[in-house]
C-alpha cells in the first residue's frame, strides 16, 4: 500500500497508476531482467503476474479501471513465442476487441495498452513503461471513467 | 564313420553325417540349397561295410543304418588328388582349386592343360532349374565337349536375371548379364548418394541398428514377379520370410523423444551453381561419402566426369542458408566446420591439390573450432575467400568458378576440377505432420519449437515430448549428442517415478455451471479438454460437460477466459485471487 | 569267313551258369586291319571256347595270318591275347582275363594289328560316349585319350604308361556310372597283355605291327617280291617303282604310308617296321 | 381473423405432417396475437397446427426457446425458422446447445417482417433459409437495398468524436434498469449461470448505475462477439429503448473486418474468439 501512496501523494501531487498484467514466461521475466540489468523505469506500474497473456480476461481490465487504474497494460510473449504456443494469439483477439469496444463507447482506448516483451527484452520493458507512464501523465487522471469512490468503499 | 558312431535323420546324406561329426569333406558341386549331383567327385568317401564297397560321393549318398564309412583312406585321397589335378588341368586359374590342391597336396601331373573357368559343377544349371525355375541355363554337348550354356546358345528371355547362378558359381565362371536379354537393372545405393549400386537385399548403411539386411520390395524380383526366391532357399539361417508385412506397432509410453534429424536443400534450385548439370559439382554429402573409406570409391576422391583425382577443389558455403530469396534466412551452423574438415581431407587425398573455400562468415564458435579453422588456413594453406559465387560454368574439362572476394574487393575466377556445395540444413520432410500429431510447435521452416528458449530447451509445449538434434535447429554432432542426453535424462526423470508430479496450477471445471459448449476445447493448445457425461444415480444422462485432463493441462488459462459462464478456474490464478490483486493494486 | 550267331538261352540255362538271364547274341568279326571288317553273326552256346568260334566256326584269320588278339564286349570291353585262345566264352572267364561279355561282340585281330592303336581307337569312341557329368569320366578319359594319341604319334614320353595306369585306375574307381567304370578296360587289358607294344612305341619309337604311321617305314623284300606290280598299280603317290617280274622298290621320300601295298601284296613281300 | 395465406397454409401442413409422422413432439411457431408481434406457439397436436401463422408480425426469434430446459423437456423439437433465425440456430448447433438430429427445421421463405419492415430486413441475405428439413413459401423477393447498409447505424456513431460518443453512451447506458430482458430474449444468452450472477468474484456489479451498466454491456458485447447474429431482439424488447443492437453490430463489424468472419453462416465454423492466425491485425500493440 505504502508504495502507491507515495506514488500518488508526493510533492508533485498526482501520479498515474498503471496496472500491468505480465505473462509469467516472457514479460515477467523481461521485467525481472530489467531489474537485474539495472534498467531504470517509473515506479507507477503495478505488476500482476499471470501464467499467460491469454489468461487475462477483459473483465480484469475493466475491473482495474473501475478500481481506479489510470492505465492498464497487458504484456506477453511475442507472437509465435508463447510458452503455451497460442495464448498470446487468443489474448490479442479478445483484448483488442475490448479496446475497440471501449473506443466505440467513448472510453479512451489509450488507457489500455498491450505489448510484446520477451524474457530477453529488459531494455524494451523499461522503455515501454517509460513511454506509457509519460502518456498516462499527459492524459491525466482517468476521471471520465466511473470509478469506485472511497465513500462507496465505506458504505 | 571313421570309427565314430553318428546318427542323422532319415534322408540325410553322408556329407551331413560327416559335418555332424565335423569331419571335413571338400565339396565343389554341392550346395545345401540345391539338390545334390555327385558330379565333381571331390567329396568321395569309401564305403567299407554295410553297403556295396567302393568310393561314393558323400554329397549324394544317403546315410543308411550300419554303413561303415572311411573319409580319409589312401584310396579316397588318391581319388581326390586326381580329381583336383584333372580339374586344375582344366581350369589352371581357379583359386578354389589351387587352394584345395594345396590342402590335399595334389602335386600336378604332366596332363593336357586347358584354359577354362567352368569346372562343370553344374550348380548354375541346377539352381536355375530346381530352385529358381526358369531353366535358363543348361549343359550342351557331351563328354569332353560338355559346356554350360543356354538352350541353342541363344540369349535367354526366360532368365529373370536373379543372378543366383553367379552367386553359387565356385569359380566365378558365369555372369547372367552375358546371356540374359534383360539383366537386373542396377539400384543406386542411397547411402552413398547413388555413387555405387546395391542389391535388392541390402544393409541400409554400415552400423545400421539393427545391422541386418532388408529386402527392398520395390526392386525384389520375387515381389515383382513372384519368381526367384533364391535368398530364401540359400539362407542357411532360414531367416527370409516373404509373408512378413510392415506393421504398425502400438505402444503405451510415458515419454516421447523426437529426433527426426534433417535433410539438405536441393542445390539445383540455384541454377548458377550448375548442380546436376555438371558432374563435377557435388554436394558436401556426396563429397563426404566419396572420401569415406566405406564409400563407393573406397575413399578415393575421383572426379565423376573422368575418374581422375581433382587437382583443385572449390568449396562453396551457405548454399541456401542465410539467403532469403529462395533459401533459408538462418545459418546452417555446421557447414563452416565440415567444409574446413573436407578441405583437410582433400589435402590428405591429393597432396599437391589446391583447395578454395568461399564463405560469408566463418562461424567457428565451439570448443577448439576456431583453432581448427586457423590450422586449416595456416598449415593446410587452404585459401579462404569471403564472398558469394556468382556463377559456375564449364571450360574445357574444368569448371570455372566466378565470384566476388569482398575482402580484396575484386572479382575472382578460379578454374576448378571439382566444386563442392554446402547446402542448407532443412527439417526432415513430414515433420510438420508429426508435430501436429504430437501437438508441439514448429517454426515457419518446420524446425520444432522448444518449450522455452532458455528455461526449457529440450522440452516441448506438450508434457512428455522432448526434442533431440537437428529436428530442433541446425546442430553439429556434439550439440546433438548433448541435447539427446538431456532429452533422455528428462524422459527418464519423467518415467522413473511411481506417480506423475505436475505443477498444480491447472484448470478445473465447475461442472454445475458448465454449458458444455466446448469453446474451451478450441482454444486449448494441449487437447486437455475432454467430454464428461454427468449422470444421476439411475445412470440418466444429465449433461455433457468439459473435463480437464490433469496430465495434459499446462495451466495457461485460455479456456478460463474463453468460458462465458466463468466455469473454469486456473488453480493458483483463480479469479477471486486475481480479483483481490486487482483491487489491491488499482486503488 | 562264314558268320555265326549263338543265342542259346536254353543251352545257357542248361549249362546252369549264373547271371545268364538273357539271350547272348554274339557277333564275330575277323579283321585284317580294323576298319576293313569282314563281319558275320553267329550263335554259340555259352562256354564254347574262343578257338572254336574263331577257327572252327569263324574260319580263322585272313590269309591265315598269325592270330594276335581277340577283343570282346564292345568298346569298353577288353582284349585277350592269342595265348588264351582256349578260354571258354562266359562272363566270369572273360572278366577275369580283363575282357568282358558286354555287348557280346568279338573281334579277331591278327599280327597286323597295333594294340596301342586299338586302345586309342576304342577310347576315342568312349570319350564321345561319356555324358560328361562326372569329372573322372569326362576329364580322365579325355586325358587318357590325349596320351594315347601322342603315343601313336610317336611322341610318347617316359612315364606315360604309368600315368595311363594311374588315370585308368582312377576313372574306373571314381566314376559316377558304369560307363566310366569300364571305359578304361581297352587300355588296361592291352597294357596287361601287350605292354611291350606300348614300350616299343615310347622307347624305340616303333610300331611293331606297322600300323602307327608316324612310326613305320615300308620296304619291299626283294626276295619275296615276284614283281606282280599290284602294289605299284595301287600306290596313290606313285612311290613304287620296278619292272614287271622284277623286284619292286619304294621311294621313301614319296611314300605317304597309306599301307595299300602292305595290304595288297599277295606274297607279303611288303614289310613294315 | 384475416384470410389464410398460402404460406401459412403450407406451413400448417408441414407442421401437422411433422407431428403426425412423429418426427417432432412439438412445433414451435407463431400464432396470432393482439399485440404488434405474433406470439410464440407450441403446437403439440396435429389439429392444433391450425393455430400457426406466418406473416409480417412474426419477427420474434424463436431460436431462443431451443436452449430453455422446460422446452427441451417437451421432446423432439420442430421449429419454424426464418433465414435470420437460422443463423442463431447455427451458432447453437456449433455450441452443442442442440444437436441437429433432435431438431426438425421448418424453414419459411421470408420477404421481410415487421410493419414497417425491420432495418435488418432491408439488407437481409438469408431470405431463403438453407439446410432446413422442409422449406415453405414462394421464392422471396430480393432485399430492397444493398448489404452496404449493414453497419450504417454504427458507422454514424463512429463518426462522432470520442467525447461525443462517451456522452451518448453515458446517456444511453445510464438508463439501464438491469431487467436483463435483453439477456432473456437473446437466443445466444443461454448460460446456466450468467456472469452477472457470479458473485465470487463479482466482475459485474448488479445495481443499476453507470459503472455496473458499462461492465454489463461490455461483458455482454464481448460474449456475443462473433456470435451475435444481429436479430435485433435485445433492442426490440429493451424497456428503456437502449440501442443495444449497435453494440452487437459493432462487434460483428469488427470480426467481419479483421477476421473476415460472419457469425451463424454455418454450423461448423470456429468462433473468432476460439480461433487465431499468426498474422491477425494488432494495431497499437507495443
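Chains here go by letter, A, B, C and D, matching the order in which they are written, and residues are numbered from 1 within each.
Methods note: a contact is a pair of C-beta atoms (placed from the backbone, for glycine too) under 8 Å apart; a residue touches a chain by one contact, two chains touch by 3 or more.
Just so it is clear, the model here is predicted, and its values are computed rather than measured.
Counted by C-beta pairs in contact, the busier of B-C and A-D is A-D.
Distance from each chain's C-alpha mean to the overall C-alpha mean is smallest for B. Chain geometry summary: the mean Cα position of chain B and that of chain C are 72 Å apart. Taking each chain's centre as the average of its CA atoms, chain A and chain C sit 128 Å apart. Between chain A and chain D, the centres computed from C-alpha atoms are 36 Å apart. Multi-chain contact residues, meaning those touching two or more other chains, occur in chain A at positions 57, 63, 66, 80, 86, 90, 94, 148.
Among all residues of chain D, those that touch two or more other chains are 195, 203, 273-274.
In chain B, 523, 562, 575, 579 are the positions where the chain touches two or more neighbouring chains simultaneously. Pairwise, the chains that make contact are A-B, A-D, B-C, B-D. Listing the residues of chain A that touch chain B in their complex gives 1, 4, 17, 19, 25, 46, 48, 50-52, 54-57, 60, 63-69, 80-81, 83-87, 90-91, 94, 119-120, 148. Taken together, the chain B residues at the contact with chain A in this complex read 441, 443, 449, 451-455, 461, 505, 523, 525, 554-558, 560-562, 570, 572-573, 575, 578-579, 581-587. The touching residues of chain D, when paired with chain B in their complex, are 95-97, 190-195, 198, 200-201, 203, 223, 270-271, 273-275.
By the touch criterion stated above, chain B contacts chain D in their complex at residues 512-519, 522-523, 544, 562, 564-567, 575-576, 579-580.
Those residues of chain A that touch chain D in the complex are listed here as 57-59, 62-63, 66, 79-80, 86, 89-90, 92-94, 96-109, 113-116, 128, 131-132, 144, 146-148.
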